[in-house]
Structures are given as structure tokens and as C-alpha cells.
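Here come two complexes built around chain A, the first alongside chain B, the second alongside chain C.
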Partner chain A sequence: MAIEQVSAPKQTSFRYRVLWRQTPQSFRIGLIVLLVHLIVAITGPFWAPYGFSQMGTGIPLSGMSWTHPFGIDQLGRDVFSRVVHGSHIVILLSLSGTAIGLLAGAVLGLLSGYLGGWFDNLLQRLLEALISIPFLVLALIAIASAGPELSGNPILVVLVVALVYAPRIARIARAAAMDIATRDFVTVARLRGESAWSVMRRELLPNATGVLLVEFALRAGYAPVLVGSLGFLGFGLRPPTPEWGLMISENRALIIITPITVLGPGLALASLVVGLNLFTEGLARILGRTVRLGNQ
Partner chain B sequence: MTGAQQLLEVRNLSVGYRQGGGWSRAVDDVSFSLRPGEVFGLVGESGCGKSTVALQLLGFRHVSMRLEHGDVRFKSQALTSMSRRELDELRGDRIAFVPQNPTTALNPGIRIGRQLTETMLAHGRVKNAEDAGAIVGILKLVGLPVDPGFQRRYPHQLSGGQQQRVCIAMALACDPDLLVLDEPTTGLDVTTQEQIISLLSELRVRIGVAMLYVTHDLALLSQIADRIGVMYAGRMVEIAPTDEIFLRPRHPYTQGLIASIPVIEDLSMSRARPLRGLLRRRELPPGCPFAPRCDHALEQCVAERQELETIDDARAVACWRWREIAPVPAEPAPPAGVGTLAARAAVLSVDHVSVIYGPKSRGFRAVSDASFEIKEGEVFALVGESGSGKSTLARAISGLTAPATGAIMLRGEKLADTVRHRSDQQRRLIQYIFQNPDASLNPRARIGEAIARPLVHFFKMEGAAARAKIADALGDVRLDGSYQERFPDQLSGGERQRVAIARALAAKPALLLCDEILSALDVSVQANILTLLRQLKSEHGIAMLFISHDLAVVRMLADHVCVLYGGEVMEIGPREQVFAPPFHPYTHSLLHAVPVPLQRPDKPSKAPKATEPRRGEAGCVYAGRCPWQVGSICETERPPWREGEGGLGLRCHLTLDQLNARAAWPPTTREGIAV
Partner chain C sequence: MPILRLVAGRILLSVLTLLIVSLIVFAVLEVLPGDVASRILGRDATPEALELLRIKLGLNDPAPVRYLHWLGGLLSGDFGQSLVSSRPVTDILAPRIYNTVLLSLYAFLLYLPLTVIPALIQAIRRDRPVDHGLSIVTLVLLSMPDFLLATILLFTFVVLVPILPAISLVDHSSSALDYLRAMTLPALTLAIVMAVYAVRMLRDNLIEVLDSDYVRMAELKGLSAKRVLLRHALPNALVPTLNVTALNLAYLVGGVVVVEKVFSYPGFGSLLVDSLQLRDLPVIETTVMIAALVYVGANLIADIAAVLLNPRLRTA
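For the complex of A and B:
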């Protein structure tokens, strides 16, 4: 069967351009925003005009200027430099928190969906209880119960993000596992006497990657807000860390005098979240397409 | 051919489907015509474009499909250039469609009576959706019960055969001139299929409707069609009257297709060689599409296009060598029976096993009191309609479903009820192969990894040793070692089933549970896998529990046959004894339902009295449906187990002599096929 070629084979660069044009627009915009954030996060510490805790960079509360685009806070620190320095902290905290949540949620959810029975029942009730608590309240409970000596520890923030996301991801993974577990190749593995762990790793996980990736992307898009909220409430990192939520909280008293010191970190946070969301929405659409095609 | 006489004319039809960035041609220059009241059969392997042609007769259009050239004329009107509105008036009214799968074709939320009048309402034949007269009229036409209770049922409360009758009734509601049927019996049991076919034959006599019958089953087509068109890779390769197709097939593809039909009657009959190879649409030569698989292909075949050429009255063939070619005879099939079976030890024995779904006292009795033995190296076939408990038994043996009572012994050792409590050794010795090869392979694992799993798990084998074993296992199923690197979606259905068999063989089992492993495959692929199973049997001496509803296949492969009905063993014995009188009445009806080429059903079979087996009631499970029922004793007393010659056993109130007198085999009216 001869397939009429719409266009003759062209150079590689041309093919990439065609591929790029086929992606959803949200994906393209999101990717550009994300790339800018990533570049800033990686290279920022080397070119930021001032150090993140360097004082006396100018007249405190002097507002916007070319040398201090986000103004200067009451301790005389350059807010723009602090935002640049904080970029990698925010990104690292949210991504690693989501990743740990994904890992824990996927393992629990897949096992629960495959095994069923009392294990599934017990776990699902537990997860439902966790989901029913508003996530910020849950995060505060977790931090409070960790005790004062651990507060301000970045690892605690990461774990709290994971704790908030894991139950939600586990539910999605469980649904995927229940669907995959009915297929014959899983029955074959069961008849062979494979352990649940091995079935999960070899048979379920590879077939659930599409769903899980989309889930990861969607959760990661909201994680900076969660980290920022914790910082704002004073349950996140400790000063003088240039974490964005913490900066907004520190400068909130100045919002009438120099609003840019609050707006600056706020804009950085907003653009990261919008970028991540656009990117993940586009990614979900691309993956959804290929996942659906792969099933046929 | 004058246009005025024809009901339907298809001229030079070519249809393309969107594929990747271009268009691939699914139907290529197909022409045929139908007279009023004629039944035209369209046959070919999957992917040959037969359903696409059928949909074109309904004026079907879709964004990913385009009509490249040609037209379809119905009563001299071109369907291909009609507007949507004009088509809507014609479809359902003059041209009606019967789909393949009645379960998904009927709306599950609408009662049967209302559903039946939908077509009539759409075309203004009735004013009221509950028009009792109209409903009773069409229900009677298709032999369904007319009582109001039946009309109030929902589709899921009907059996598959009844659902298909409802679909046919809906299609016939407006008394159309043409009925397009797309594989209408493919999902149904043989006995149900027989009833549907005799209903269709009866309908064409009574109301004179013309039919286009699309199927992959040539034997079935011979029972109903007047003329048959054989399609291959989107082209029509032969058109001939039904008898001619079977007696003198001209195209090599037709010859191979006929030879691939398993024959139930006579195993020694000389036959042509079944089709070899596969239809690969991407690698078609510019000339005859069949050339890569043809035994007679010359260079000219590959290079030059073969046009459909009229060679006789109402006969046309697209092969320029049709005068000279003769079918290539098949190698004689090795005898299936091994002979000294009695001396062999039993590998598996099933002892009074019952399987009940739900609570033991009032649950659903899927299998009741089944006992049999499978000897080392023999093929033991389980036969019966869907719902007869065949797969449930296999699941119980494999440990997926726990039996309620009874014991299953593997080489004299009692097996635990569930697979979790069995030893690795026991799990290794019993390997399960599933019906659907698409679902039995992990789509994200390479073929090599899939076959490596049993090696790693049972033999702790890894690295080079495992790779050699994988290549061996692939060799056992006649696949090349290069398949290791592929993913399942790069394989055809037949190749996937081979991989599933290879994976089972890699565990070095003593017993293979083959659960309908041929039914999802095309006839030609079926014939190849069947040959493979035979070879495996003689090479490895593995015992097989072969579950099938296809008696012809069972007859070719099995040593022992067990017939199940409603979860109970009806008849059991060596193949020669089961396929010869005395027959159990159920075995006899199964044998008679198998379509045999050129043999039309003698008379329209009686409508089934009861469709459900009488599970858990007094008397015989088959009572109520049995054509030879003795009397009330069948409904009150459980029939005795009768032992016949050569290890035959059956459960019936009639004595063996009485059964002997009832039926002869093969039926005297049948004639041999000169292939």
C-alpha cells in the first residue's frame, strides 16, 4: 500500500520545526517561561548584582530604580538579587517534594489497586481521611507535630509537600492499577507466582507511566504556591533564606510604602506557577494523545 | 449487465483512509452488483477492506476516510453523491444494516419493544413508539416471543442470539430492499449461529430481501450466499457462484482460503495447502497483491496489475494464470492419536470438581461434578457453548478460581485451591495461554523480556544462558531470534499468539491450558497455529487442555474430547468415539451446527424452546432444549452415566443402542469437496 507522502523528507531542523508547530500553544509558552526560570535558577547566583543577605546596597525603602528593579527592603537588601538567589530554592523544594509524593503515591496506589482486599480497604480509608483535611491545615499539623527543633528545615518542607500530594496521586495510581490488573498479562504473572512488588514494578508501572507523568506535571505546577504559603505563614524556611513566600511575608508591612518589594517576589512566583501550569497542561495533552494511541 | 435489472451496482470503488501524513488505499477498484433478492457474500481475511465496502453501501462518510473514485448506485441513484438528508431517508428504510456486535449495537437503556419501533418512527411508518401491532409483527417475523413481558425487557436480559434477532428485526422493520450484514454471527456460538443463518435463509424466501453478507468464514457463507466475492488487500480477486467457488476455485488465494477451513468430516481427504505468510499492506508489490504469498507467482505477477477478468457466466477472476494453475496438495497430516494412551500415566486428574460463584448453597453453579483425566502428552479438548463452564474449569485447574468441592491432582499430588498456595514447581508445570493475544503480552515489555520472565522466575537463569533459551523458545514457535527486540504492537495477532505460546513453553510445563487460543485469529493464521500445536505435541510431548467451541479444530488436534453443557459433562471419550455414533443429543446438535461447505441446512431448525441450561434443578441440564427428549423423566430424574466401547461415556436417559439408531455420521446427504 503506497502512502502518499504529503511532503518529501526534509532536513532534520525542518522536521523539528514541524514537530514544534504541532505542539499545543500552551505547551510552547509554558516551556519558554519555564526555561527562563530554570536559567535564572541555575546561573542566577553568579550574576546577581548583590548577595542575598548583603545589607547596605542602597537607601532602604527607596522603591524602584534601574539598579534596584524590585526595590530595597527595610534592612537595605536588594530584593531583585534576593529573588534571583531564591529561585533555585523554590524550584528545588517544589520539584523534589512532588517527586517524593509521586513515588510514595504511585507505589501505594498501584499496590493497593492490584492487591485489593483488606489492604486496599484500610489504605483507602486512611488516604480519604488525609484528603478530606484542607492541604494547608494538613501541612501545618504535620509541621507542628514535627516539633520546633525541625522547623525551618528544608527537608521538612519537602516531606510536607510530599505528604500533601501522595494521597491524591495514590488514588489516581490505584484506579490505573485496577484497570491494568484485569488484563491477561498480569494474570500470567500472577499464575507464575510473582510477588506483588515484582508485578507492580514490571507489569503495572510501565503501563501507568503516562497517567503518572500527567499527574506529576499537574501537581508540580501548584507546589511552588504550597511552599510559598508555608513560607508566608512562617512555617517554611527561616530568614534570611531568600524563599519567595517568606520574602512576601517579611515585606508585607511595606506594601503601602514600596509595593514593589512584595510585588516582585509575587510576580516571580506567579510567573513560575503560570509557566508550569501551561507547560503541564500542554504536556498532558500531548501525552494523552500518545497514551490513547498506544492503547489501540 | 443492464443497469435496470440491478438493485445495487458498485463500480470501480476506491476508498482511502488517512494514515500518518498521507492516505492509504483500503479498497482498490472494486466492482460488483446485486440483483433484487440475491445474497452476495463478501469474504476475506481481516484488513482486506470488506467492511469498508459494506459501509460504503450505506453511504458512510468520515473525516479520516475519502472516496477516491468510483460510485455506488442503488436503484440507479448514486449513493456517493447524495446529500446527508437524502441518505437519511434511504438508510434504515430501503437499505438496512445489521452490525457485528449486537451487545453494543442495542441501547442498554431502552426496552426491547420501544427499541424495535425506533426505525419505523424515524421513517414515519408508525405514529406511536408503543404501537403493539407493529412490534408483534416484527417479533413474529424473526421468531422472538411476542408476549408483553418480553417486550418490556432490556437488552442485557436477552441472550446473544436473541439480541442479534432484535437487531435483524430492527433492520427489517421498514421492509427494506437491501440488508447489509457485517459479520452478524461472529461473536455467537455455533448452535446460535445455525439458528441465525436459517432465520436469514427463511427471511429471504419469505420477504425476498437482498443481502450483502460480510464475513471471514467461507464455510458459513456457502450456506446462505448465491454468489461470493473474495477480497484480498482491498481488491476483488474472484467473483463466482457459491458452488463454483468451492468446486472450482480459480484464484490461488481462494484455493488457499478454502484449504484453510478445518474440515470436520473426513481427515484423510486430500486437500490443498493452507495459506502461508501474512498480508503485509506496507510491502505490496505493484502487480498482484497476493504475489508474495502465492505458490504460482512469476515475475510478471509482481510487476503487472491483474484486472478482474470475466471468464465464464457470472464468473470473474483477477489472475492471469487461472487456466494453468492447480492447487498445491498439502502434506498429509500426521495422525493425531498416539495409540498407546491407556498405558500412560495421568498428568492431571480432575475429581468431582464443582465451581460455584457466590454463596455455596444458592450461588451460580458454573461447573458441577466434573471428572476426567489428562494423560502425559495427550491433547484433551473441552467443547461446549459459551457459558458451559469450559474456561471456569481451566481457571480452577490453574488456581485462579477455587473449586467449591472436589480435588485436582497434578501427577498424583493434590493441588492447593489457589495459585498462591501452590509450590513454584506446581505453578511451573501448568501454563495458561489466553484467548486474546493482544491482552496477554505486556505492551511495554520487549518480546525477549516477556519470555525471560519465566526463565528468571523458575530457573534463576540470566545473561547469556537466558538469551540462548529465549532464542530456543522463539525457535520452537518458528519465530526468528530478532523478535526479541520488538514490542508486541509491532507484531501481528498470530505472531503475538506464538510469543504467548513460547513464553509458556519456556517454563518447561507438563500441561498447557489453551483457552480458545485460535478464536481471535484469521482462518489462515489459525491453520498455521494449528500446525504448530501439532508439531509441539510430537516434539515436546506436552499435554494440552484445549478449550474450543470449534469442533472441526478439535477433531484435527485432540486425542480425547469432553463435551460440557451447563457446567456438566455430557459426553467424554477418545476422539474417534465422540465423533462417531452413538452421540449424546447435545454433541449431535453441536456437530450439526458446524457449517460445512456446500451443505445448506436441511430445514429451518426449530426455534429453541429453552435457551438456558437447567442448572441445579432435578433431571437433566439439557432437558427443555434436547431434540430427542424422552419425556417427563428428563425433567425429574438425573440421567444415568452410560459407558460405551473404547472408553466412551455419556449421560443420557436413552440407551446407547437407542442413541445409535437416532443418528448416523457423517450424514448421508453430504458430498465430498473436490478441492
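For the complex of A and C:
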């Protein structure tokens, strides 16, 4: 019997290919969809056929054609170009809002779960109360509180996304911290005399990475919906910003004449969220966690 | 009775949460913005008008006094007067809440078959094309913002197949049929959004139950497949879904804001958006508090139902 020769993989690309095949299908599809969106977001402004507020690109409301795949709105702007120009705005706002929410939520939640006691109790009640206000309602009153001078400001939208997500992320981080805090290495760190902040940063945070990563992906998946809903209701970015929710609301009145001007931005928004959701589900499976997709 | 104590504890916590919500709402809307009077009247207001509004709102008192006064009003059912129409908030709110309750009931009525039927089909045809197809449909619907879903439904049933009205304006003089027609699209939107979460969960539960020993036992006894599915598997798979249903009720409170606005349905959610645009503070505060009340109530019911249905949670 001949001894089979097992040769080591020669090329690194081959190893990556094996790794790629082992990932769940949802992860792969999600990643590809996200990459397409990212490429459009980054390169889009350079190749979009028209400017985002350029008028007179064709006959207003003339519908779908090869030169105008998403039609032309009532002001004569090319909707496809607007969608492309809006891509980086939607993605940037969603990601930065979720990232700030993650940072604040993780720090608060981990500290709260580790320290326990009155700090934990007080914070839990406050976060519970913030979660009890439906997230869109919370976002709306936060914007109302900021006042008319700040309305339409992208930074306000980012902070509102962070405000809505931070309590929800903190709740997850707290549960993770309470679990990790029972392990021996945390006790050792505490007995070494490390401060709560340093225990959180060096012991809790690295061990909660998986949970927080999935949580970030899950929240980031709905951030575009939140940003879009605010824009749609007229509390988000201001026209002529090509934010997708705002575009859907602007073109909705004329949906009877040119449905594609609504469906185009809608397709962009829905495909981004589908991509993020598939990615999240796959990521959770790779990290050995379960995730319930949903906005609740 | 340990259960009673547990339930009482949960109720107390909920009341505490609502109190903190009221503090947050008051702080966010009346303390943080600085001078509320100039915020409401805008930059061009005359000093006299500002002073008048300050007196009307009691803005010259210190914040804690104003908070206690406001909270006392809320608790005794006196929600104040609208700044825009000078009518009592109660009069403005009552018909809106009535409309939204009707809409929610209708949505829940549509929600049940929309959840059970697709989940049953998926569970029976597990891993077949139908199952995969429906999984993709629910994933796409799950990822679709509710305002987009509402707009697409509007386009489908108003433009392509014109059977329903585009604008859902109703008032107390509308007939029952008008109400039903007006409510169908918003209710359908809400029902679909709620159902997609539940379908995904119910499908997994059903498959798990169908693999269990006692379902196999029922099959071996020679019961018909239909009877096994509907009488043995479904009731057991539904229990975990009840929790989702209670959470869906909580979703509804926020969901109506967008959906009612899309269809111009005169309910509680569109009232909130309108009063935010008009900066009608007493109406905003009352609607937000009611939204939080329903949300906390729905979660409380979900918690208590979970404890009653699952004895293992009772010791926790």
C-alpha cells in the first residue's frame, strides 16, 4: 500500500479559498452585497453620470430608460445619480452612529455588569426607561429637543442613532460582563489591585468581543432604516441631500407616474439592509452564537 | 404565593420605569432646550408673546416644581391644553387613540393567519424550494423599512389593482365599511412587519416539535397528518411565539408612527408627528408617555405570560 503524499497548500490564496468555502453561505452573500455597496459608496461620486442636485438632466418624470435607470424626479434630477451620491451618506451616518452607540453602550454595560451594586441598579433603571420609549419616538423627541438650529445636521442624526442604540447595546454588554466576571482571571485581576476601568479594558472587553461584534453588525443593519425613517418623516437630513429615505418621501407623491423613482432608492436601501442582515447571521454562526434578526 | 410576589415585583419595577421615563421626557422637552417659549414661538416672537406663553406654561417656576406639577397633572388625567388649538389634550387624543386601537386590532387579526399559514407551509415542505423561497421572502421583508413596504403596498393596491383608497382619512361620520377600507392598507403593512418576525420563529419551533418523540408517537398511532400537525405540533410550537406576539404589540406603538403618516390615517402616531412639527408640547408629552405606557405594559404581559407558561422561570 502506497503512502499517500499529503502536500501542504502551496499558495496562501488556496488557504484563503478553503477558509472562504467554510464560511456559511449567508455570510458570503452578505459580504458580497456589502462590498458592492461599499465600492459604490466610495467610488460613486467619481463616476455618477450627473450631480446629486443637478437639474435638467432630462424630461422630468420621464421614467425608466438606459440613460436614466431610476428615472428622473419632478425637478429634473437623475434619480440613479442621486442614489449613488447618497450611498456614502447613508453608510457613513449609519456606521458612525452605531459605532458611537457601541462604544458608549459597551463601556457603560461592561462597567455596570462588573461593578454591580448601586451604580448598576441606577444605570439599569435609566437604560430600561430609555428602551421603554419606542426607538423612533425617542429619536424624534431627541431631535425636537435639539431645536430648529440643529435640525438637518448630519452630526445630530449620528448622535440620535447612537442615543437609540447605546442602551440596547449596554444591556447585552452588561449580561456578557456578568458572565465573564465570574471567571478566575477576572478575580485574579481584581486581587492584583487593578482598577475597574482597567479590568474592563483588559479582561472584560477582549472576552466580550464576539458578543459585541454580532451586536454591532445587528444594529448597523437597522441604522440605515432608522436614518431613512427620520428622513422620510422630515426630521432627518434636509433636501437636497440625496439621503434615500428622504428621496422616497420626496418622490412618493408621484409614484403613480414614475414608480421607479421610489422603487430605485427603495431597492438600494432594502439591498443594503438585506446584505447587512445576511452578513450578521453568517458572522453570528461563525462565532458560534445565535442571533435573532429583527428591529426589536 | 411566590408567583404573586414575583408579579407584584415586576409591576412595581414597571411603575418605577415609567416614572423615570416621565423624568426623561420632561428633561428632554422642557429643560434641555433652554428657553422653551422662544423654542415654540420661533426667533421672530415679540417679548410680550414670549412672556405670555411663559406664564401660560408656568415656565417662570423652577424646573423641579414644574416637573411635579406636570406629573401631578398626568396622574390625575389632566394633560393640559394644546398650544395650537387651545383644546384640552384629552379631547384631541381620544379619537386618535380610538382609531389606532381599531387599526391595531385589525392588524392583529391579519397578523395571525399571516404568521401561521406560511410557517406551516415551510415546516411541512422543509428544505424544499417552497421553504427556501419563503425564507428569502421573510428575510427581504424583515430588511425592508416599514415606510418602504407601506409605499409598495400603496402602489400595488391603489395604482396597479385599484381597489383601495390611497388616503385613509376617516372620522366619526365614516361608515363601518369606509373605516374597514381605509384601515386595510395600514393594517396590512403593520401585520406583515409583525408577522415576518413570528414566521421565522414559528417555522423553527414547528420543525423542532415535528421531530420530537410524541409527534412520532401520534403518527405511529395512525392519526392523520393533518390532525398531528394542527392538534399536536402547532399548539406546542405556538407557546414561544406568544412572547414574540407581546413584543410585536410593543413594536406596534412605534410602528404606527410611520405607517399612519404614510397613509394619512388620523391616529395616535400621526398625531405625534404632527404635534412635533407644530411644537405642541403638551400633546407631544402626553403621546410619548402613552407610547411608553403601552410598551412597558406589553413587556410586563410578556414577562408574566412567560412565567405562567414556563414554571422553570418561577424560581428566578
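Just so it is clear, the second predicted complex is superposed on the first by the 277 of 296 C-alpha atoms of A that agree within 3 Å, B and C clash if a C-alpha of one lies under 4 Å from a C-alpha of the other, contacts with A are read in each partner's own complex, and residues count from 1 in each chain.
The rule we apply is simple: contacts are C-beta pairs under 8 Å (C-beta built on N, C-alpha and C of every residue); 3 or more make two chains touch, one makes a residue touch a chain.
All of these numbers come straight from a predicted model, not from anything done at the bench.
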| item | value |
| --- | --- |
| Partner chain(s) touched by A:Ile255 [first = chain B, second = chain C, both, neither] | second |
| First, second, both or neither for A:Ile155, with chain B first and chain C second | neither |
| Which superposed partner A:Asn207 touches (first chain B, second chain C, both, neither) | first |
| Which of chain B and chain C A:Gly147 touches, first, second, both or neither | second |
| Touched partner set for A:Leu136, first chain B, second chain C, both or neither | second |
| Touched chain A residues, chain B compared with chain C | C |
| Set of chain A residues, in rising order, touched by both chain B and chain C | 294 |
| Residue numbers on chain C that touch chain A, as the complex places them | 16-18, 20-21, 23-25, 28-29, 32-33, 39, 42, 139-140, 142-148, 151-152, 154-155, 159, 197, 200-201, 247-248, 250-251, 253-254, 257-258, 261, 272-273, 276-277, 279, 284, 288, 291-292, 295-296, 299 |
| Chain B-touching residues of chain A, taken from the complex the two chains share | 1-7, 183-185, 187-194, 202-203, 206-207, 209, 294 |
| Of all residues in chain B, those that touch chain A in their complex | 19-25, 233-234, 281-282, 284, 398-400, 419-420, 422, 424, 427, 430-432, 434, 436, 439-445, 450, 453-454, 457-458, 489, 503, 507 |
| Chain C-touching residues of chain A, taken from the complex the two chains share | 125-126, 128-130, 132-137, 140-142, 144-148, 221, 225, 228-229, 232-235, 245, 248-249, 252, 255-256, 259, 262-263, 266, 269-270, 273-274, 276-278, 292-296 |
